[in-house]
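Chain nomenclature is as follows: A, B, C and D, assigned in order of appearance, with residue numbering initiated at 1 for each chain independently.
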Amino acid sequence: MKNIRQQKIDSFQELRQNKARLLIHCPDQPGIVSAVSEYLYQHDANIIESSQYTTDPKGGEFFMRIEFEAGDLDSKKEELEEKFIPIAKQFAMDWRFSYVYQVKKMAIFVSKELHCLRELLWEWQSGDLTADIPLVISNHEQAREIVESLGIPFYYIPANKDIRKQVEAKQLQLLKDYQIDFIVLARYMQILTPDFVAAQKHRIINIHHSFLPAFVGAKPYERAYERGVKLIGATSHFVTDDLDEGPIIEQDISRVDHRDNSEDMKKIGQSIERSVLARAVKWQLDDRIIVHKNKTIVF
Amino acid sequence: MKNIRQQKIDSFQELRQNKARLLIHCPDQPGIVSAVSEYLYQHDANIIESSQYTTDPKGGEFFMRIEFEAGDLDSKKEELEEKFIPIAKQFAMDWRFSYVYQVKKMAIFVSKELHCLRELLWEWQSGDLTADIPLVISNHEQAREIVESLGIPFYYIPANKDIRKQVEAKQLQLLKDYQIDFIVLARYMQILTPDFVAAQKHRIINIHHSFLPAFVGAKPYERAYERGVKLIGATSHFVTDDLDEGPIIEQDISRVDHRDNSEDMKKIGQSIERSVLARAVKWQLDDRIIVHKNKTIVF
Amino acid sequence: MKNIRQQKIDSFQELRQNKARLLIHCPDQPGIVSAVSEYLYQHDANIIESSQYTTDPKGGEFFMRIEFEAGDLDSKKEELEEKFIPIAKQFAMDWRFSYVYQVKKMAIFVSKELHCLRELLWEWQSGDLTADIPLVISNHEQAREIVESLGIPFYYIPANKDIRKQVEAKQLQLLKDYQIDFIVLARYMQILTPDFVAAQKHRIINIHHSFLPAFVGAKPYERAYERGVKLIGATSHFVTDDLDEGPIIEQDISRVDHRDNSEDMKKIGQSIERSVLARAVKWQLDDRIIVHKNKTIVF
Amino acid sequence: MKNIRQQKIDSFQELRQNKARLLIHCPDQPGIVSAVSEYLYQHDANIIESSQYTTDPKGGEFFMRIEFEAGDLDSKKEELEEKFIPIAKQFAMDWRFSYVYQVKKMAIFVSKELHCLRELLWEWQSGDLTADIPLVISNHEQAREIVESLGIPFYYIPANKDIRKQVEAKQLQLLKDYQIDFIVLARYMQILTPDFVAAQKHRIINIHHSFLPAFVGAKPYERAYERGVKLIGATSHFVTDDLDEGPIIEQDISRVDHRDNSEDMKKIGQSIERSVLARAVKWQLDDRIIVHKNKTIVF
């Protein structure tokens, strides 16, 4: 299995080598696109894909994502970043470069339900999720077998609300040790403290098993069944202090009818959860998501 | 235009003449289907379509809808109903017969936004909505032209929360005069009193412009935009005393993204509202909906 | 009704006044975006929306659509176009400017089935389709009433395969007289000659009542029913000489099951046809579609 | 992992013990439902779910699926079947009983692409696919690791068109040895001979990676890309002699756009293939599919 993954990764290696992305957010004003594209042109960078969005043509916020290719990227990236600083200053930009050859490190947190974990591992295993997964953390033992069978370290850290601080201290240490870029809560059923969340701002992706903002909180399928809805959904979002209130990345739904009880809904819903979370994680890996206030721009 | 409608109606006339539907709700127990189908067989009624549902195989509730055909239905329907009474008693049934040739009378209430009204009038005009629409009631004048151009009486009854009782008194009188079977609120933006709702139990169908239970109440598109959802929806439901809390008949959604402002969402949403409401109304006309507690069974 | 339309149109008038779109197609090479955005910046044009696409990062084709705003657009548009010529030459561009205040003139051709025509007229009437509809042409009389009731001239031109040339001569004269920009075949059931099509290259939008390339040709719903498909669809495409083989603009589908006969499928399908055609027409009006070989890029 | 599966299976054991399904197909005539439901009532069988369909109310074909529960089913099933024979004769029925405790044996055939195989194994492993999978057969070695890791025998049988007969002889022997009920072609890229297909009539389920009847045959994603479609799909169907022409069980689609090349379409399509095939297999296991001519009725 690992061979398929390795082959796919190797075959993309050359392709990735000279690719980068530039993400920009600033007040809208004339001349931004002109300045940025002129800058890239001067550095022999060829634009592969470019997307932009302005909240309001009259004095709104400007967002941009450019994917470009430039020869010898590794050796000239410092110069590239340095030369961008004046432009960034001129337009008061939030900005960052992301280099495709620097594969992102993603930690997965999971509890007892394994369907979302499996979808991610599967995509990873087949080489379609271009991330490193240095570790999986769980407050239960159910996931150990599948995780370790793929050669990924599995950390069992029992958790409950009374020991939250100690648990998170251990988790934070692991995230640091493994130099994790972002966390995926693949049905991790523990509430995180504000400190933990603050330390990982916009770097924790959760999957909630309802079409938010409907059925915030616990047992959404049971409540969907009680309410008699005709569609059920799932929502992937960044985690903020307010439970299930963070910026939404992706949502999807599936049709149900009166014959489906809450168990059926749960089963149907798992399929939506899997694909919604997988899409959100891929967009994160491709640097397609910009958070603005409590919303996401997905380029 | 009316000619198309009339032609279609005439062509179905013979087909409809001998068709009826029997709707049943009772505690589940062995022998119900056997008793009902034996009864229909004895009365030379041929089952065209039959659907049933049990909430729980062990001691649940039983629901059934049978569409059947029987020669000379009009002349023998009294006997048919009378002979069914012992069976209904034996199984403690809620039941009703509905004769397809008795075309249902539907009143439409509307305010300023006409897209749902138009969808219904269009389907009616093309002969695909087999209802009579004896009148349209509105608290605004916008709909008059289109309604009267189709030869349907239009009643303008200005409304606000201070004169709610008087307004509803006029409306109730009209419903009585025109012998209305059920009401469709096609974006009627006035709250109905509990008395009015109680008098029309499960006979008022509303369209709410969100995917309930998300965004209950006013301005759902604005709130959907503020929340940054990736899908917007519409919900058709029976009206109960609790605003937007009645039994859901049908829902659907459409994808939106960060570029869509609340105006765009409103426009995209109108298309969903139209089709969701049209489906709910058709199911109502076909006697496909049974309300059980706060849910619907749609056969 | 016309008042709603007029109000909406008036309210957008100012907004539209200074808006334009620039569409570009050329061989990909570094510097295009830089040159175009610099040019717009120099002419005080503010980019509102910009999309680009390259078929292949290595030596492919480059496509771009920019929507921009510039003060006094009407008075300076000639200069704007003239100054663009050197850039266009440098990069070997196909290009065109489109001014939003120049409302496009669209002719609708229809036969007996009116659902697509109605959808378009409805959107037009409510001010959401920013086109002029100077005339409707039909080979039947069914549409006359609805068309004339909206004050639009209706031309009845009977047609069959033996008189195709004469019919098209009349049609071409009308298109010329009314200075038509493009044609919508809203279920017009006559085959067009190669001459007619050639004279309107990429300016005829058709709706085909199947999910192309399945069920090319006549009676697609009947054939879908015979084949036992579980989904039916509709396709909007530009008309080329090869029947139903032109560049696809938009497609959508709806679920059916074994209970749906070909009549039911037709009815369900009409709803898809309406929305698919309406979307394609809106994208055409917004200059979002670029045809490349036998495909469309929809920005 | 196997523990989760075993637990789930055990927990349903009791539930399954006394459940059966009766499938019927006969010419429509009055009295069928009455006779069948009376018969079940007399044998103390409680109807859990019942569905019926008539192709045409006037002289069509009648289809029925009844799921029922009866105490001591195992000991009385012979009597049950025997007593049904007179009814079956009276109405000229095709019929069969299916006992839920007799878990169906399903063979999976696969080539190099493993996504459909994995989806099925995953569902099986988590106890949601109530089948036995006694073996997997492949003409390649790629699937061996995953199959054997779950304790399922894996048979590698190299195949090509010159040795088709010998290959199928081996396969048939294995199907016989393992007493296989039906076969799932989970992306098995070899054509089967008419003899093989005839021996397994309506017992081979295939997944085709297009929205049939579009793109029958090889390389559908490449051809979908060439044609410029805006939706891609997948189709699960029973295999017949005519390639990709067998009765369709389930279909679904996903949206694509001009940016998706054939590789992207393939990746997007795999997700549809997985879910479409999984649904078809579940319906097969639940005896929900009746084949009639070249179509399926899915109850």
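The rule we apply is simple: contacts are C-beta pairs under 8 Å (C-beta built on N, C-alpha and C of every residue); 3 or more make two chains touch, one makes a residue touch a chain.
Keep in mind the model is a prediction, meaning the values are calculated, not measured.
> Strictly by the touch rule at the top, which chains does chain A share as contacts with chain D?
For chain A paired with chain D, the chains in contact with each are B, C, in label order.
> Any idea if chain A and chain C meet via the same residues, over half in common, or different ones?
Shared-number fraction above one half, so same.
> By mean C-alpha position, what chain is farthest away from chain B?
Farthest from chain B by mean C-alpha position: A.
> Can you work out the whole-Å distance between the CA centroids of chain B and chain D?
Whole-Å distance between the two chain centres: 37.
> Let me have the rounded angstrom distance from the C-alpha centre of chain A over to the C-alpha centre of chain B, please.
43
> Out of chain A, which residues touch more than one other chain, so two or more?
none
> Taking chains as nodes and touches as edges, what kind of graph is this: line, ring, star, complete or other?
Per interface graph, the chains form a complete graph.
> Quick one: in the complex, what on chain A touches chain C?
Contact set of chain A toward chain C: 30-31, 33-34, 37-38, 40-41, 44-52, 54, 57, 69.
> Can you check the complex and tell me which residues of chain D touch chain A?
Answer in residue numbers: 1, 4, 114-115, 118, 122, 126, 128, 142, 145-146, 149, 267, 271, 275.
> State the interface residues of chain A toward chain B in the complex, per the touch definition above.
Going by the criterion above, the answer is residues 53, 211-215, 227-231, 233, 247-253, 257-259, 294-298.
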